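Two complexes are shown next, each including chain A; its partner changes from chain B in the first to chain C in the second.
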Partner chain A sequence: MNHGRRNLDQVLDLTNSDEEKARLARVWRDLESISIEEPPRAMKGEFQKVLRTIEVLPQRRGISWARAATIFGIGLLTGALGLSVAGRLATTASQKTAAPHATAIAAALPLRTTAQRLAAMHVVGDLAHTEPAARAALIHGVLRDPIPAVQLAAVDHLADLNLSNAEIEVLALALPELGAPIVQVMLLDLVTPTTGAPVAEVLRRLSRDPSTDTTVRRHADRALALNPERNDT
Partner chain B sequence: MKFLRIFATGLATLTLAAAVQAAQPVEFEFSPQAFSYPGEPGTFRSSIRWGEIAIEGHDSDEVLITVRVVPEHSRPASAGPIEDLIDLRIDESGNVMDLLVDSQIEGFYGIELTVAVPRTTRLQLEMTDGGEISVRGVAGEVDVVNRNGSVELEGLGASAVVDARNGSIVASFDTVDPELPMSFSTLNGSIDVTVPDDVAADLRIRHTYGGVESDFLLLDRAGKSVAADLDTLDPGATRVLQAEINGGGPRYDFFTANGTVYLRKGRRVAN
Partner chain C sequence: MAAVRSGEISRLEELYERHHASVYRFLRRSSCSLTEAEDLTQDVFLRVLRYRSTFQRTHAFKPWLFQIARNLLIDHHSKRRFDAVGETEQLQTPDLGPSPQRALEARVDLSRVASALSRLSLEQRHALLLARFHDLSYREIGKILDCSEGAVKARVYRALQTLSQQLDEQESAT
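Then we have the complex of A and B:
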């Protein structure tokens, strides 16, 4: 049994509403039907390590959403483990199945509102200072979460970390695809100090694309100007 | 599950308040709706393209919905009556009520949505193309996305997550949920938020081409004052202000690229 289903079982045990139980049971069955390739052993080890860390969250100050946030965080991490932080989005079979798996888990969680999802992202953000998988979850949140507020929270937490060039490259490559210009602007601040050629290429594309929001283009111009060597290519 | 398809089943009361003519607004008034479990907070959701969404909390378990369709002036009469081209549905399940708008009208038309909900209702509202969204007197969590237009929230009682994109945000809270985070973001516009003066929160403000003004004494974790009025010497450089008010609490995030953030003290109002 995978971690997602095990945690759904816990949710089923805790919930009191028959309707909620029925809904969760449906999602549980859906999860059964998803063919999920087991992640590599190294990923599983990292995932379990994060799980052990998350389990102590209820003792932390001011996190009464801990149970919901914990399980949501697990969902995020499950999806994030399918993200290649080395440079590109998911490409392998296991990576492709991880995202719907995480989505299905997230759909089953008692996180009914955006504010609760936001709280969960902040929990993951606090963890990211010590847990590499939580860093990946933040990147996953920026790239995949449909809610701008959650994406922005993830960007904000990432700004507190010393990101590697590879991590910044992943974020930069996603810039043109992000739907919310405010997320693009805030993310541009993250990638501005980096001088890698792929990042510079993205900045040039954003700067010249007439369909890109004016403020985003101006911010991309600024990022290019701050690193003159980018303009050499 | 209650499923209302007004033209197919006739389960709703339909009132045509205006003449069926081209370029004339048409108003649809639904019969009073209710959540499956009236004693528990429900969720009301709606997403429209153009127009106006106005929600008000009231002391009743009923949900009262009026929809006004405003066509463009140049709309030819030959296009047919609006009520044949627009499909309004209410889908309620598990205490979540969706107002769905499906239109075959070509060209510009506005949807003006006026809804009265029980005060404890949670709201998820979206305007995808343009218009104003306002909410008054709702004690449930409010989640708003408005891509081209302003958002005005007044007398809220829990939390708000707002992304206005191109427009200003004005929000005032009578009280807040002490555990929930909030987020306010807009690309082009100011953010003006009033919270009770005893609210405890961790603030995170990112602003690019604008400033910050606060009634609250902003302190860092070491207890030192944080300057709120950060005039940026480098236009375009995003400034980050991190501070606590009243000892800190859940995160309140503010993001604006072109606009000023105002944080104001208000008075707590009992529900």
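Then we have the complex of A and C:
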């Protein structure tokens, strides 16, 4: 017996009246008339399109202490450098000038494989509650890592932190430059609760730009709708 | 889901493949238009990805998934007011066979039931839809709705009573 039938029987047990049992059972049966069409096929394609921006990942495994320590050191290095990148982004709002530095940082790091950088993000993420440099390393991961899965891992960890408005602004300003729609969507969720003219301006630009992915535009619209004060220009 | 939680994000596609139709139907029956149901279904799975680290490996995936869907739906409802008549018009009729007379009767019947359903409170409507269409136990539905098994049963009971009453009233009015 499936749950549906069992569920009906349990509800019918709540009444002693045979007449009421029959009435309720009839309504239960009549609900079947609300037949719903199959989901449109295009819907699945849309979702696959968003998912396709993520590379197939190796399984996340436990990290040995020695490796964790190495990764921690490298994470902090990344963080210190990332902080300067993030700071530059925030103060000059010129992301393009920071790009060559970030590329140089990435090239200098021994963590060249996705699996290594992903593992590093998780270690750094665990440290970010107490280490400012680790926070900056996460921001750097979102802004500069070329692999969406690593960016997503960084976004995940940032979501667990109480980000300052300045940090959120840095992330929001980078939104239009991020290549993967799925990272943009996740990041939009992160910046949505924050008000502020620069963030609002980025959201408006995303929402109006026809070249932006439709899901990203929808989320930007929603973020604006959730904060009506952002819509005042 | 355990694989997705562990970092194999591409496996989300399998979860989508397996469950998206069920989520879509739940949203449609909960008075969402076609477009809203499409958008919200996608959002449900993006939230699965977003909150994957909060999934408890020892728990079943389906109740967790529907909990996300329901929370999204509540957010959505709080932002928009639905026109009950408009909603029922957007629900499609079942495969009715060749008889036009039968088709007309069934369309009228569908409209009545869907209209009555859309007038239930969200709590009752969700309890009833989950119990009726999604092969979930009352215990699992309780987790989704954040209430006890007994409370779910009571909601379904009251929902059926209300529907029965409304359908009787509609019948006597015609």
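Note that in this section the second predicted complex is superposed on the first by the 126 of 233 C-alpha atoms of A that agree within 3 Å, B and C clash if a C-alpha of one lies under 4 Å from a C-alpha of the other, contacts with A are read in each partner's own complex, and residues count from 1 in each chain.
Heads up, the rule we're going with is that contacts are C-beta pairs under 8 Å (C-beta built on N, C-alpha and C of every residue); 3 or more make two chains touch, one makes a residue touch a chain.
Here the structure is a predicted model, which is why all the values come from computation and not from measurement.
Asker: Which of the two partners, first being chain B and second being chain C, lies in contact with A:215: first, second, both, or neither?
Answerer: both
Asker: More chain A residues touched by chain B or by chain C?
Answerer: Higher number of touched chain A residues: C.
Asker: Tell me which partner A:118 touches in the superposition: chain B (first), chain C (second), both or neither.
Answerer: Both: A:118 reaches chain B and chain C.
Asker: Report for A:156: first if it touches chain B alone, second if chain C alone, otherwise both or neither.
Answerer: Touch partners of A:156: chain B and chain C.
Asker: Counting only touches as set out at the top, which of chain B and chain C does A:130 meet: first, second, both, neither?
Answerer: Neither: A:130 stays clear of chain B and chain C.
Asker: Look at A:185 in the shared chain and tell me whether it touches chain B only, chain C only, both, or neither; answer first, second, both or neither.
Answerer: both
Asker: Mind working out whether A:164 is in touch with chain B, chain C, both or neither, as first, second, both or neither?
Answerer: So A:164 meets neither chain B nor chain C here.
Asker: Do any residues of chain A touch both chain B and chain C, and if so, which are they?
Answerer: 23, 118, 149, 152-153, 156, 159, 182, 185-186, 189, 215, 218
Asker: Taking the complex as given, what residues does chain A use to touch chain B?
Answerer: 19, 23, 62, 64-65, 112-116, 118-119, 122, 147-149, 152-153, 156, 159, 180-182, 185-186, 189, 213, 215, 218-219, 222
Asker: So in the complex, the part of chain C that touches chain A is made up of which residues?
Answerer: Residues 3, 6-10, 12-13, 16-17, 20-21, 24-25, 28-29, 34, 37-39, 41-42, 45-46, 49-50, 53, 79, 91-95, 106, 109-110, 113-114, 117, 128, 131-133, 135-138, 153-154, 156-157, 160-161, 163-164, 167 of chain C touch chain A in their complex.
Asker: Where on chain B does chain A make contact in their complex?
Answerer: Of all residues in chain B, those touching chain A are 43, 94, 122, 124, 141, 143, 145, 158-159, 161-163, 165, 177, 179-183, 185-188, 204, 206, 208-209, 236, 238, 240, 249-251, 253, 255-258.
Asker: Looking at the complex, which residues from chain A come into contact with chain C?
Answerer: 2-4, 6-8, 10-11, 14-15, 20, 23-24, 26-28, 30-31, 33-40, 43-44, 46-48, 50-51, 54-60, 118, 149, 152-153, 156, 159, 182, 185-186, 189, 215, 218, 225
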